[in-house]
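As written, the chains take the letters A, B and C, and residue 1 is the first residue of each chain.
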């Protein structure tokens, strides 16, 4: 069973623009950096930010945090990237998403994939606001910038 | 030789919004689930839906249906995912795209990649409506939601 | 240190539509084909085109051009694809991006990832116009088509 809260409660008011909607599908570790950056940058500029998490990316938002694989082609570059991130003092992606949320962003888990993976709202950490369907996400994303990560 | 039908015939009338345009590029099996879901959900809500298929994703739309690889990093999770899809009674992606088409969605094959891969409209199954260029797709996508899967 | 030029100088004037903004993140060789095609097709149609390069994709724009890996799942198809590209006389992606730039497109390197990877504007080849932040890119992309490649 999937718990779905009323979308109207959790989506920001629709203004037809000045909005960033991100489908977070990619489950490899590298893709969570642009997720965090786009969410944080958009929210910091006063844009509405909504993240719709689906596919293997859902595993990164569970309480029992899964270790995310690095893309096979770039696995050997992972240590240098981590070192560069630390040197440049880049916040971990969770912190960037959390900052975005403090500025009004919302994170939604895909109801269909939750059912496929046997996950409910209780299985996610506090970054996830609710479980909603793709139709609700698409309807809300209208008029704004949309990215499939 | 690539057979290109007149775009005006097959694209839905342009209304400047309420529209979802998807570039379907990813050729791994997992990416066809969000393709089906976004297309089906958008069409079910009365949105115009256009899918522009390019790259290795074209192989999934040929009559001689190619077996799609699973992403290398998640290959071991493929059986559990398939089992979850069956348990949650999620329709195969082809059925979701077909339902979207019954509600007005269109599927376009990228003319350039068709030429690169030696494919013509006759090589595709009936999900593909026509072969068009990227410029036509981009022009039509204006004013709507756009995703690169 | 990252050199950042004034965004106002290099972004095309904002018209609220008729615009294509691409986040170029994917670092595998195959993704540079749709990048080139979308950029070239958009620019050829008179659309504003902005490319925001980040992640491993930055390595493809350095003077010391890095060899890009092919996605692990499709590595064995790389030779056939290269042959098809040659037969169809498809221009290399660099040429397509260059043509787009001659028609007004701009290429921006992500300031955060430049810092992470220790790159400055001087490290890039002449395809890159400047180094800007994600917030600037997001702000400029409003009202147009947006793709995350």
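The criterion applied here is as follows: contacts are C-beta pairs under 8 Å (C-beta built on N, C-alpha and C of every residue); 3 or more make two chains touch, one makes a residue touch a chain.
Predicted, not measured: the structure shown is a model, and the values here were computed from it.
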Interface composition of copies chain A and chain B: same or different, split at half: different
Fitting chain B to chain C on CA atoms, where both chains share a sequence, rotation angle to nearest 5 degrees: 120
Centroid distance [mean C-alpha coordinates] between chain B and chain A, Å: 24
Where chain C touches two or more other chains, by residue: 72, 146-148
Touch list for chain A against partner chain C, complex: 17-18, 20, 30-31, 33-34, 37-38, 41-42, 44-45, 47, 72-74, 77, 81, 84-85, 87-88, 90, 144-149
Chain A to chain B touching residues, read off their complex: 21, 23, 25, 27-28, 54-56, 69-72, 110, 112-113, 115-118, 133-135, 138-139, 141-143, 146-148
